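I've put the structures underneath this note.
Both of the next two complexes hold chain A, though its partner changes from chain B to chain C.
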Partner chain A sequence: MALDIQPSVTGTTGRLKLTGQLDGASAPAVRNEIEHLLTQKLDRLVLQVEDLTFMASAGLRIIIFAKQRQPQLKIYVVKPQEPIIDTLRKTGFYDAVYVQDTDPGDEASVN
Partner chain B sequence: MTERSFEGTLDSLEPIRDYVAEQAAEAGMDRSPIYKLCLAVDEIATNIVIHGYEEAGLSGDIIVQIIASPDAFEVQLWDHARPYDPNLHEQQSDTGLDLPLEDRRIGGLGILLAKDSVDKLDYVSTPEGNVHSFTMLLKQAGTASNGSEAT
Partner chain C sequence: MTESRIDYYPTHEHSGFKYRRGHTLPFGAHIVSSGVNFSVFSSSATSCTLVLFRKHEAEPVVEIEFPQEFRIGDVYSMIVFDLETEELEYGYRFDGPWNPASGLRFDRNKVVCDPYAKVIGGRDIWREAPDWNHAHQHRGRLAFDDFDWEYDRPLEVPTEDLVLYEAHVRGFTADPSSGVSAPGTFAGLREKIPYLKELGINAIELLPIFEFDEWENSRKHPETGEWLLNYWGYSTLGFFAPKAGYAATGRFGMQVDELKTLVKELHKAGIEVILDVVFNHTAEGDHRGPTISFRGIDDRTYYILTPEGYYYNFSGCGNTLNCNHPVVRNMVLDCLRYWAAEYHIDGFRFDLASILGRDQNGAPLSNPPLLESLAYDPVLSKCKLIAEAWDAGGLYQVGSFPAYGRWAEWNGKYRDSARKFLKGEPGLVGEISTRIQGSPDLYYYRGPQASVNFITCHDGFTLRDLFSYNNKHNEANGENNNDGGNDNESWNCGWEGETDDPGVNQMRRRLAKNAICLLMLSRGIPMLLMGDEIGHTQSGNNNAYCHDDELGWLDWSGVSKNREMLRFTAGMIHFRREHPVLRGRKFFEHRDTAGSGFPDISFHGTHAWQPDFSGGSRCIAFRLDGAHAKAPDQSIYVAMNMFWDGLPCSLPGPGEGKVWKVVVNTSMPGPDDFYSAADAPVLHDQHNVIVGPRSILVLIADQK
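And now, the complex of A and B:
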């Protein structure tokens, strides 16, 4: 199946729920959504990938793009499937992002 | 041997993966090695489309040939694009993998993944076309030596 992208923003947390397959054909759409999200003041980008069944290196390049745009951005990868975890480990991305089983939630505003 | 021809465009990436996965499953390969094989094929097919065809101002097909034997499952990608030898292009090295993300190079990740995902990746450019060959060795029915699942 192609890729379905559902973006949302809550406070300073941007989220992209990705369903389907992320490859060279679908990557530009993801990059466009991230570019749009980063026009807002975000501290965190949460990639919800529980239903992402395939991710090529194009997905990794998107993560690099986001970090180069905003070096202080914390990137979370939530519930990746095992083959995608393997890709993240092989390429050194696993320790550079926050891989977790649950959504980090929204940051409480600090007064 | 079976083969199927696909347009050399990014829209063909998913159909190519589906075809390879379907043939690999019929040959008895398990899900993990199938995923790795499809990843490798996808990365190289992407390079063929972008660097071999589009950037070179060319157009053409990618022919996928499948050669299955009891000991190995081989996928060949044939193209008539500008030659693009994955062994000659720099892939991200082990030292580069530790860099902070904002300092990482964009290129080379696909070739790194492709080479690491299959038992053998060969390339040759011939007058009949360029050929990438991906081989998964089958230790026993249903497993592959690269990423094999314990039974």
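And now, the complex of A and C:
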């Protein structure tokens, strides 16, 4: 299944809505979108992944990439499916991002 | 800036793949700008071909022969551009002569695995049956150096302060009773960190976690039909790659991240990670074994060969790695540096380490270059180096392993004398008093921290079985009970195996507590075997290397069933960690250098100041003076009576203004077997005490 990527920016919040499967083949496109988003001054990156059914290691590496590229950036993973949460937990990435069921909105986070 | 460098542009093309001359060092496959650098060594090949696969696919996507101008010396290197790094698998074909008698086993029909592969695919999920028709079972993959360690680094706990816990990653949580979400994995072990912290250990020594094949030499038990596997994993496929099957995320190729997360979390809990590393042999076996990597790349460099080209077998596993060949030596160094730097590993325990001191003909060296290099290596300078100081070729170096002021040893003599003493053999009092002091007879010039004290380890009986069986019971291994050691120095306490007899069971519990007590009160580094604290049994099997089943897995119901043993063990570990007088870095001088009026250690018997070292004695007591500890501490008196009857002992003084309080009395059932410092009762008679039969008594000097 192909991956659909819908990027948007509101203020200092960047968003990517991902639908489908994030695997090795589709990961470079996501990374390009994130690189493009990070050319703007962002405080937050929101990954809306409710309809993402699979995230391979390549997908997780993108999160690391974004975090290392901009250490102050707060990354939200919104509504991930259970297998993705499980992988985030076992590989230690869970603590590096904010995993939650709702979009944090556009205001600066107090987390 | 790098994008504009001329060396990042391809010069060649083959089937749509662009490439150019690579960097000779470092060996292995590494991501560079716009591509992957491949570098591999072979001294005798006539050509080399890089074989690239898409992950999991049987046939390669491309094979690129290294142009001769890409070879510098004996190293073939190449940068291939625009690869999908997440989806890549690779190997090599080497061409050259086939002449086994000369150590030349080139076969270009085989794709061999890179000895420096950081991730190896092929056994991604534990125990998933492989496709045996697949020609290339084990392939290299790329590792990514992007893990976020935050502020973590190796803990550098002083060696003498360590309390080691030897564990098998899978066996620790594979049993459903573990209750973890990912049984038998790095993630599962991580969920049990609170348990380890509560137990009090501060270092975990993991049985091999380098990639191995659990299906190697697998077979079904002839009678039960149960699969018998290469469960322990003492048979390395690749020295740089973590065992994928030990990661819950191995199916996604994320074993590196999962293992690093485990190390990071253990460090947060104050627990060091020591790896059991197996450099004495590889998974390729003898001349009948498979060609996986080393043999097909440079047989006579990587292995010690007989003049006829067969494999010397100092490991007992078919071949012997040629560790003191300069190329292999560098590989071992590169490997350990990699684990120390990239995985923040705190130390290494070397399986059959004496092999590392043999020359290229197999003869022991007086000054082995590899051991010296490891001892003085700048990256490894704070790593613990622990030798299993013997091999299967008859070399036994306990006390004489070339140490260079750095190496510690598994003290096999401690184990043997402790077992004999604990089961009540006479004539052991002199020997055990030496072992308690850190074995100065063996390590006088190295210090007590050179001695890893243990009574049980993965090899042999568990602690519970040590006092439940006179003989090994290895029938479940399918080798007619011929495997495993016969010199166990065990004692069944009157009945072979499990029994309902309360007297026998009470005796067994007491002897197990005595063992824990002895271990925690001895100078040196104590090491516990996983599960001994909760009465883990292997039903008398003393060689459970092939049991990926209930026999080899820890049964966590022991936490509730053997609560008394767990409480006692945790209590003793915390007692050791709270009292520096038990963890001295130097040997005792047997005199008063602190002006306390007492020597640093004094020995006693049934009469204070009169130890009985005669052949018939089974009782010894000692007093450790707190004023001589490396940090101010209380004094401790220990009486160990392995005689079958209780003995009255007169006591040395606790010191001016102090009284003796009872901390441990193994002749009592729990909870009166161990008291915390706050609850320790004052000894009723401060001058005389009865030490129960086959029991240990520990007193501590406290303010009146």
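We adopt the following convention: the second predicted complex is superposed on the first by the 107 of 111 C-alpha atoms of A that agree within 3 Å, B and C clash if a C-alpha of one lies under 4 Å from a C-alpha of the other, contacts with A are read in each partner's own complex, and residues count from 1 in each chain.
Going forward, a contact is a pair of C-beta atoms (placed from the backbone, for glycine too) under 8 Å apart; a residue touches a chain by one contact, two chains touch by 3 or more.
What you see is a predicted model; the values in this text were computed from it and never measured.
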item	value
Room on chain A for both chain B and chain C (clash or fit)	clash
Chain C versus chain B, contacts on chain A by residue	B
Partner chain(s) touched by A:Gly24 [first = chain B, second = chain C, both, neither]	both
Partner chain in contact with A:Ala2 - chain B first, chain C second, else both or neither	first
First (chain B), second (chain C), both or neither touched by A:Tyr98	neither
Clashing chain C stretch [against chain B; choices 127-135, 199-207, 433-441 or 577-585]	127-135
Set intersection of chain A contacts, chain C complex versus chain B complex	24-25, 56-58, 60-61, 64-65, 67-68, 86-87, 90-93, 96
Contacting residues of chain B [partner chain A, same complex]	10-11, 13-14, 17, 32, 35-36, 38-39, 42-43, 46, 49-50, 92, 96-102, 104, 106, 109-110, 112-113, 116, 147
Touching residues (chain side chain C, partner chain A) in the complex	55, 84, 86-87, 144, 146-148, 181-182, 185-187, 247-249, 252-254, 257-258, 260-261, 264-265
Touching residues on chain A, where the partner in the complex is chain B	1-2, 21, 23-25, 54, 56-58, 60-61, 63-65, 67-68, 71, 75, 82-83, 86-87, 90-93, 96-97
Chain C partner contacts - residues on chain A that touch it in the complex	24-25, 27, 56-58, 60-61, 64-65, 67-68, 86-87, 89-93, 96
